[in-house]
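What follows is a structure written as structure tokens; I'll ask about it next.
Each chain gets a letter, A, B, C and D, in the order it is written, and its residues are counted from 1.
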């Protein structure tokens, strides 16, 4: 059993821990956290050894009645692989610690692509991370775009991607984030950094992205245009996407009109934390229009669950780094263990 | 095994069905729905026999590939007790159908109190519904207030309750409801109807309520003042509330600042649909202040999960109507089967 | 002085009335309203003769202490031109009344384009409505897109427009509209009806649009891509847009990050009702990117004030219908009278 | 003419500047700002001499093409009275500067009451600030409560005030503030600091307050209970409030259901920045209920415009400090100059 440490036990970290615990070939070596709260209490209840991420605050755990297994350095030493799920920018600061203990590490999409060996998406470029030491699992939005682009590229000669990312302002429990009543260009200058981030997965892809921030918390929404060199019908594109295991194509009969009903569905089927690990593409929205300069213009809407779509990707990236399985086997193992697909 | 039919399979109905299925002494006879959607599909997946609530729309289920067990009248005939979880006002229209088949029925808090034998809260007046034919489980807000008032009355001589109910504008999946950016007196004329509704449980209680509607979807928030004839300390009141099985007193160490983190906690502990069946009272908020005219003024905040706090109450009301258990035993059975308390 | 009647005195109607009253060559013959409220009271205070739009409700105005000048038919007879600012779909029902009194009429963008002589945008096709009897001023979104496309077409060989319209869920005072916390594809099927609506102004334009609805009330936001046959720089495009009188290019030094600050600016300069009659384009967002199949891809964000951008257009359409001025003179008169430009 | 300097030219400062400019007995000596933006540009357009509040950033104004009249110290020296409208806590840091130039100063409600000579509300305690050097105009919420309590105290023997303040999360242009979808106890511990703040105006008043924060930007909403020793009818209380010049009692016929329509009304009547300087009390909400321990319980809802209700109070406080007029004359002058009442 591969021993996986998780440094940072917040929105992503706690999900990755549970996902690791559900796999047949790995186990949770422990989790590191900066301060005690209900999440720390639940880590202990789940028998995840709890480590303090910041030495000066270690006694606050004791004050809250929580027993520590040690400091984060101990966890790094204990682990075969570490998943760094700390806030954006902290991961890079942690890298020397992972190097000191010679422990391979995964970072999240909030980190720069510059200090890692590879950026990772299971569907598009698993191989680039096999045996690597430092790998970055790309952000929720880049993951969502990569899963969509990969099959389109294989089938239809993608010429250009244009996407407007209408992003949720904050996660459901982030009471300090806004906006309350605005639609905010973010960033204002175009194109946004999301396109170049997709290029860490698809170096030669022509892609321009725009970002907006709105007063919603449940999921991001992508308004996507892909100019294709070929001329498939909408039905053909839909069939291609339906064949993907990490894309859910929403059927008309489901009566789902937005992110609220998608989360309701996830709750009703019993998903842990009502997570939607898949891109959620509205089947009705998939459309192909004439393009005078190329084949056709494909349009569609997809909703992306910012809290969880990278979770199966992290699990696969662990296998890539530890050379536990190839892409196909890893994805199958992960999907089965978590229960993807509905 | 008592056979329970559920008429209306939306927010409340689907939760009651799952709660019934989890009990040792009852089973789901079937569920009736007005139209096919993802919820109907999942009812079938859970092996709840599916009935059409509206004859003219029955064929739409077939069109959606869903097999029906019959019409709602068949379900009523099949059932020992029916839980009517249809939208407010429809329950009253359904009563003649329940009478025609001589099937006892529960109604929800959106119905008038005038056409039933008793209004029900497990903590406060279970006995009034024992053996009754038509019982109304009071609304989420009235349930929340009743659970709070009952122990205070038993301990501290409640003289008057004043509560401002800051209500969520709609449930998470109700995309058509507002307001988007307003705080709306609702109703404008005071006191609101919520106080008289609490009087269906506590006929002699002096209570004045005010209602507001705000752009939030997760939970209602009650700002509560109770004038007590006695003079307990805040710590004493807190201990009394902590002893209640359907009140969660939020501890300071949990770091919970609003409904978002409460739902996050419910997700993290694995509650089905992240339901919070308990009143959630902030421990820090429980305060006792001087009152020149009486004992003391007690203040506190409690959050109420509008989608689920009545679910255990419905289960208990079934037992009351069917005379399956007394209050204490029923509450214990329900709490154990669902997993209340954290 | 041309006598203009306004049928429908809500969000658009009251603004059009004030804009008409501000012109040197027209006056308000009266306004028709369905029911008394603060807006009706203010119409009386402004000396706009008040007419009842619905005979059966006429006495409600008397009950509210408001004197009526007559019924809407009287207003139509009195007027040289009527501006119909009733809710979408009602305008078409009113057309026979305007025909009966032989009064030319303008309709709003919520109406079908099928029953009018022409659809109108002052910048793009003023001439099509000169002397026409029934003219439709296109919607706020179509107006905003038309103002942008017109100068681009004139300068840079527009090959295709792709726009995602991120729409406010409701106006600030519409407390009944949602969503509260969602991003809703609206419509789900693509492309949206907005593109064909732009084709009522530019019949040969290749345009695909997508619509989303979000929990915001202040302005719509357009995420725009225009594939140009020519290859201008971003600076050149910006200069072209800055030369337009109904486009405000937001300067970096203004420090405006969203619709909230735009409205704040409009308040601070003393605009009536804080109206933003102009398209508001972020200067920083104007960007030109490579396009392998054509000249270049232009991107930009523009905010559109749904309550007011059609107001100067209605004034110009009145002049077109009544043949009071040509496009250039009308736009100059309107802009001067209202005070456009900042 | 009294020369008034305004230090801090944001939400409150710009409104106070315009209000001062509208008075017959005072003029704007200048305004100090920390950085250039559209507000700074508009100050220059209005001929308010512009001063830099922070020396190190002074050159940024020149870079933005804005000419400075000097540094804030120059403004303080130039002024007979300074209104400090800087963010909460900065005012206290500025006090030594005002002392150094021997210039009397007003501070806003975000400052502590400890370092000033008096806290101020025009209706309740104008006299306490006459001739004082350092005066604090209490916050929007305290101003709103003080205006309500003063007439009730005079007429009906106020025994206790209990108020839940449902506060807007941020102002309309504050895109960085939340919550997006939550109702947040703020503060969690009770009673909130608002009650003691009201006691700076009414030292002997028994008042307990509770605060919540919600995703709305337009106005705060107060849910108010006042236990009265006397037993007036609701109509009598309403008449008392209608006689107040800084309370607007909303009439049923106006059809106003929330803050959105109140702002719409303010826009329609042409209020600068759609400001609502008055407490807005729903007439329908004024209710009197039985109280077994005292006279009666009065309930009502009032909406408070956080951006502007303190503006006329600042003008009056200037007159108090400068001994330009007594309370009655000052309030009359201010109201007439601004145009209060509708």
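To be clear about the criterion, a residue touches a chain if its C-beta (ideal position, glycine included) is under 8 Å from a C-beta of that chain, and two chains touch if they have at least 3 such contacts.
Keep in mind the model is a prediction, meaning the values are calculated, not measured.
S.K.: Could you tell me which chains make contact with chain A and chain B both?
M.R.: C, D
S.K.: Which chain pair shares more contacting C-beta pairs: B-D, or B-C?
M.R.: B-D
S.K.: Please identify which chain has its centre, taken as the mean of its CA atoms, farthest from the centre of chain D.
M.R.: In terms of C-alpha centroids, the chain at the greatest distance from chain D is A.
S.K.: Could you tell me the distance, in whole angstrom, between the mean C-alpha positions of chain B and chain D?
M.R.: 41
S.K.: In whole angstrom, how far does the Cα centroid of chain C sit from the Cα centroid of chain D?
M.R.: Between these chains, centre-to-centre, one finds 36 Å.
S.K.: Centre to centre, by mean C-alpha position, how many angstrom separate chain B and chain C?
M.R.: Chain centres of chain B and chain C, defined by C-alpha means, are spaced 46 Å apart.
S.K.: For chain B, give me the residues that contact two or more of the other chains.
M.R.: 168, 172, 174-175, 179-182, 184, 215-218, 257-258, 260
S.K.: What does chain B use to touch chain C in their complex?
M.R.: 168-170, 172, 174-182, 184, 215-217
S.K.: Applying the document's contact rule, which stretches of chain A touch chain C when the two form their complex?
M.R.: Those in contact with chain C are residues 159-160, 162, 164, 166, 168, 179, 181-185, 188-191, 206, 208, 210, 212, 214-221, 223, 225, 227, 257-260, 282, 284-287, 289-294, 297, 299-301, 303.
S.K.: State the interface residues of chain C toward chain D in the complex, per the touch definition above.
M.R.: Chain C reaches chain D through residues 14, 35-39, 41-42, 64-65, 171-175, 180-181, 217-218, 253-258, 260-261, 263-265, 267-270, 272-274.
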